Structures are given as C-alpha cells and as structure tokens.
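In the two complexes below, subunit A is the common chain; its partner is subunit B in one and subunit C in the other.
Take a look at the complex of A and B:
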C-alpha cells in the first residue's frame, strides 16, 4: 500500500499555496477540471490538488527527495539561459520577440493555449514563437526540442508562480475543439489499446515497470520538461522537450501512430489537457524521470 | 496386389499434384494485390485516426526482416513486406502484409468503438 503524504509545494517554485477553484465560471472545461480534481482528492487522500504540480513526485516521499535533489542544481538551467539569449537577440529586421509578445515576459506563458477567434483554432505558445519568427523573416524552429524548448523553457521560468487559466469561450467551434481534445484523451488507441486516461486517471499512482504514473491534474504546469530519458539519449545532456514531443512519445508507447507536433489533433488535446490544471501554478521547466 | 499397388501409386501421385498446385508459392501478382488490400485497410483506419504505430509508419523499427545478404531491416510491417518482396521472398512479404491488413482492420474497429469514449470517474 503506497503511503501518500501531504507535500508542500517547493517554496522556491511557488508564491503561495492556493486552493484550486476550478468551477469559477461554470464553463465546460472548469466543470471537467473540478470533476478530475475531486476524483484525485478521493484517490490520493493527504495529497492536495496544489501538490500535484509535482506530478508523481507528490505521491511518493523518496521520489520527491530525488526530485528535490535534481532541482537543487537543475540541469536545464544552461538551456534556459540559451533560450533567454535567443529570445533577447534582435531579428535581422531589427525587431524582436518583444514586438510580438510585449515586454512583460512573465505574462506570456499564461496566455497559452488559447482559442483564437479570428483563426478559429487553438493557438499554443510554441505556435506563436514560430509565427513571430516567420512573420519577421526568420527561420522557424523545430517543434519538439532544441531552441524551441529552450525559449519555451525561458518563458515558463519567467511565469513561475502565475496561475493557469485556460478559457474555453462560449463559441461552438471552441467547444468543439475542446471536446475533440477531451475525446482524444479518453479514447483507447494503438495496439496496446490504452487511452491517456487509462494511465493518468484510472491507474495514476500505480507502477508501470519502474515508473509511477502521474495524475492528469498538474501535468502541464512544468512543461517544457527536462526528461532524464531524453537527456540520456543526448550527447549534450539535453533533456528539454515540449509538451507535443511528449504527446508523440506517449502515442508511440501504446503503439499508436503519433500525430505531428502542433497538429490540430495535439493542439486540441493541449486545449483540454491544460484546462485540467486550471487554478494551479506554473512551475516549469522541471525535472522528470 | 500389383493392381492395388498401381492404383495406390496413381492416387498418391494425383493427390501430390493437386496439393502442389494448391500451395504454390505466392508471386508478384498476389503480392501486389495484397499490398493494395493492406493499404486500403490502413487508409480506412487512418481516416478515423485509428492507425497503429507499426503498420506502415515510416519511423517504425519494430518489425525485423533478414535479407538474403544478411542485412537486418528494421521497419514497419509494410516496410518489411517491401524489403522481403525486393528479395523475391514473397512468402514472408505476404505474412507481413497479412499482419498489416489485420492491424488496419483492428485500428478502424477500435477507433469506431471508441467514438463516444469519455470519463468514467
């Protein structure tokens, strides 16, 4: 029987403990978020919803100690510094990212993902980073790792302590996109016939070989993530990767053909998935096994 | 006795000839048909986002096929089928295509069955 214990959010990662109030507007996503938060409250007594920003590490004391050791001298710091440098380097046309996103770097990450009424689509942070580049005559970055993850990591670091608040407006197309993302999350797929929910809702807290399955609530708060597995395959110890990189990996693991990063399928999934952490604080980037 | 032996021999020969016709090795024509059928099944699965990883995804390395010159090809089922066919090994190719077709059909059934999937909290 796994012992669950109450873990305070690492003080350095938060500005204070808040109670999740997911049902603040009665919107479709906040109702779903509250239902999930209540489900995990029952499943993990003694672990608050706010604790879940640390994922599986909130569920096991020894794992949390290992996580804290990794976060003491974070291996993603150099990459985040490279992202900051890239972000602050002017484009060839003299403009910069601030011309696209504004001067307050702490307010950028919390704006995403969001529904774009004009384009009638879900817009992600990575999508707008590349849009800013291409609109200014620069080459776009790869979606999953490298400089995209470093820039996204820098902006996530700047937004630490800010609250996630994904809004699904009362727009039929936005609600359709949200529901498509929700459907993706709950649909079994691949040769192994598993859904995202199978691991991260119903079996959260159980082990898959040596890995403790993390709950959905709190999943997106720490992205881009520094994954030990990815670092191990890199000769630069570069373990930073975006959310869509992880989506592809998860789909492959259940032997489903993955979708392309930043495809409509994954953007809709992010729209739903991020909503499930509404009310929690950003704490990325962060280490994960 | 001699008549019986001659008759037995005649019957045995007839059976062997019929059997050899029935289990003739597949050739390119059968292979081409099977490729078309596999792709049709996989396209159907793909139309409902139900395609599996190792059926024909270019980055799959799950299925292994050892070529005549000793190389091991790691690919999808369709990729392995193509490699086997290039080797003239249509028998192996047909087996890979059978699996690819099966996966296409199963992927489609799975996706259709999961259309209304939702939370069961």
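Take a look at the complex of A and C:
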C-alpha cells in the first residue's frame, strides 16, 4: 500500500512539474523577473515597471527631459540607415540576410537570446548575424561597434514596440546556462569588489558621483545603445555599441578583467539579463549619457 | 606631492621660520591631512566622493553616508582605518571596495586618508 502511494506521489509530482514548465509564466526566469519588478516597484513608488525601459531617465524628471531632447533628433538614425542598407545588400553568392532570418524584419530581434537545443548553448542576435555572413562566405563583423552595431540597431528599430520574452526551456543545460549568467550578475568581482547587482539592483536610483544608477529591469530593451561617453572617446568611435561591449566596460569599471564579447560567459549573462526585462517592450536603439 | 602642495609647504615653512608660531609637529600633521585629502579626492585613488559627501568636494555620490562627525563616529582612529582597509569585514555585502585588502591603495595612502577623514 505504501509503495502504491509513493508511486502515485511520484507520478503527481512529475505531472506537477510538467504543468509548470508548459506554462512559461511559471518558469525560473519569469519568477526572477517578477521578483525584481516587485522589488523596484517598492523602491521607486510612482515609477511603473514599463517606465524602466528608459533606465535612469525614468527616475528623474529633469534627466528625462534631457533624454527626450536627445531623442528628438537621434544621433543613431544615420547608423540605423547604414545598417538597413547593409542588411539589404545581397551577398556575393546572391543570397542575403533574409535567407537566414526570414522576411519579417520586426520579428528577428525578439527571437534572441535563445537556447539552442542542438548546440546546447545560448545564441544571440549578433552571433547569428555573423553566422549568416560566414555561412555565406562573407567576412564576419567585429562584435562591439561599427557595422555590427548598425545592423543590430536596424533590427532593434524594426522590433520597437514588440515584447521581450526570453524563454528558458525546462532543460537542465539551459537552466544551468541561465544560472551561470545569474551568478555572474550577483557575484562580486574586480579590485573594487562590486557585483552588477550592487549598482543596478541594491543601489539603483542612487548617485555615483553625478551619475544616477539605472535599475537592471529595462536594461536590455534599448540596445545597441548610443552612448555620449563613447561618442566623445575618439574619432574612430561613433558612440553606437552592442550589449557585450557594455558588459566589457562594466567589468573594467570595477577593475575586473573583462570577458570577450560573445564569450560563453557573456552569452549566459545576456540570457539572464535579458530575461529580467521579460514583458517590457523593445525601444532600441536609444540615447544614453 | 603636487607642485601646489610643494609650494604651499615651502610657504608654510617660511611662515614658521619668520613667525615661529607653528611647531614642526603641527606642520607635519597638517600636511598628512592635506595629502590624505588629495588621495581621497583623486578619482583614480580613493575616489571617496564617488559615494560620500565630503566638505569641499563637489557633486558627491549618495551611496554611502556623508562623512561628517567622524571623531564622534570613530573615537578610535584604528577602527576607522580598518573600515577603509576592508569594509567587507564588518559587512560582507557592502558596496564599499576593500581598498587595502585588494591593494587599490597602499598602506601609507590608507594612513593618510584616515588622517584626513578623521578630521571631518
């Protein structure tokens, strides 16, 4: 009798797990995203989760006005146009990006990042842009800025208004990749001993010198990003950069050795980080200080 | 020591010689405080203003508490030094970098910053 019960119990537990995994809202990343959204709700009364797509600008009215003024004549517009042109230029073999990504350009960005079951790894938009190029005998692009950021920027612009929905499938390897990204985010690192979460969760809304720290919910919605700071750096830098470029910069700022753009470490981080904006709408590219 | 500081030190010693009002000890202490202030305000060194409001510093950050009434808060200077050396000892989750433990500052630099902060 006892044996019978335990079998029944095991069966019902299995069923329970299946039900949860079938419903994406109960998945591990959405639970974490909900917890963070609730946390910021309490931390910033009067600021909705949807407002957070504008980062620190959502937290301060006068900063928001400066941001809006920058967005009136966006300095990334020309880069987006160059990205569009590149995207629509056929490869030497006669094929083009549409052969890799399909014809609906607004649905491309929202498919990334995702778990590739066959390759057992996280795949990013930038990764597949270069894969499409090399599969067709073309030269790959640099990961951090220039044409890669332009093409990524064009596809972000096309996807504006679409909802972010990163799915972490109920596959132990996918969950492991997600947890590795989460661990990168919460682990203190570098000579300054700061985690991503130290600044962008616990101290979000506080000032580091004159800079207001942005909450991590809403971070990925506006990438690639046009950063005033990058644009002022050198003549070779026009200011537009990818998410992994920013990761490297963040790691350097806490005096940690950055990982390579599109390394497994950063792809896992993106898997977690993008998940925290699930339910928010794409609004990239966007201006940041 | 910056040029301005050197000039200042020369002027001060000239003043002392001419007036005989200040003892040599007082000058040494003053210059330690001044040196500590320079290290504390240096973005690549202590960068204390990144998080703390300090008298004389512009646009301070708001992460840490303002550095005021330090003698009342840290009657024991050694405890203040220990906090600057490794704040994670008192609180492992602190966002304050362990300046000494991670060698972001030398022992001497931490001594000087301690002298400065204790005057606030």
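Everything below uses one rule, namely that the second predicted complex is superposed on the first by the 262 of 289 C-alpha atoms of A that agree within 3 Å, B and C clash if a C-alpha of one lies under 4 Å from a C-alpha of the other, contacts with A are read in each partner's own complex, and residues count from 1 in each chain.
As a convention for this text, a residue touches a chain if its C-beta (ideal position, glycine included) is under 8 Å from a C-beta of that chain, and two chains touch if they have at least 3 such contacts.
Just so it is clear, the model here is predicted, and its values are computed rather than measured.
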{"item": "Fit or clash between subunit C and subunit B when superposed on subunit A", "value": "fit"}
{"item": "Contact breadth on subunit A, by residue count: subunit C or subunit B", "value": "B"}
{"item": "Which superposed partner A:193 touches (first subunit B, second subunit C, both, neither)", "value": "both"}
{"item": "Partner chain(s) touched by A:207 [first = subunit B, second = subunit C, both, neither]", "value": "second"}
{"item": "First, second, both or neither for A:256, with subunit B first and subunit C second", "value": "first"}
{"item": "Which superposed partner A:69 touches (first subunit B, second subunit C, both, neither)", "value": "neither"}
{"item": "First (subunit B), second (subunit C), both or neither touched by A:182", "value": "first"}
{"item": "After superposition on chain A, the shortest CA separation from subunit B to subunit C (Å)", "value": "7"}
{"item": "Shared subunit A contacts, counted only where both subunit B and subunit C touch the same residue", "value": "191, 193, 202, 255"}
{"item": "Subunit B residues touching subunit A - in the complex, by the definition given at the top", "value": "46, 49-55, 57, 103, 110-111, 114, 117-121"}
{"item": "Complex interface listing, subunit A residues touching subunit C", "value": "191-194, 198-199, 202-203, 206-210, 255"}
{"item": "Partner subunit B, residues of subunit A touching it in the complex", "value": "32, 35-36, 39, 182-183, 186-191, 193, 195, 197, 201-202, 251-252, 255-259, 265"}
{"item": "Subunit A contact footprint on subunit C (complex, rising order)", "value": "49-51, 59-63, 88, 93, 95, 97-98, 102-104"}
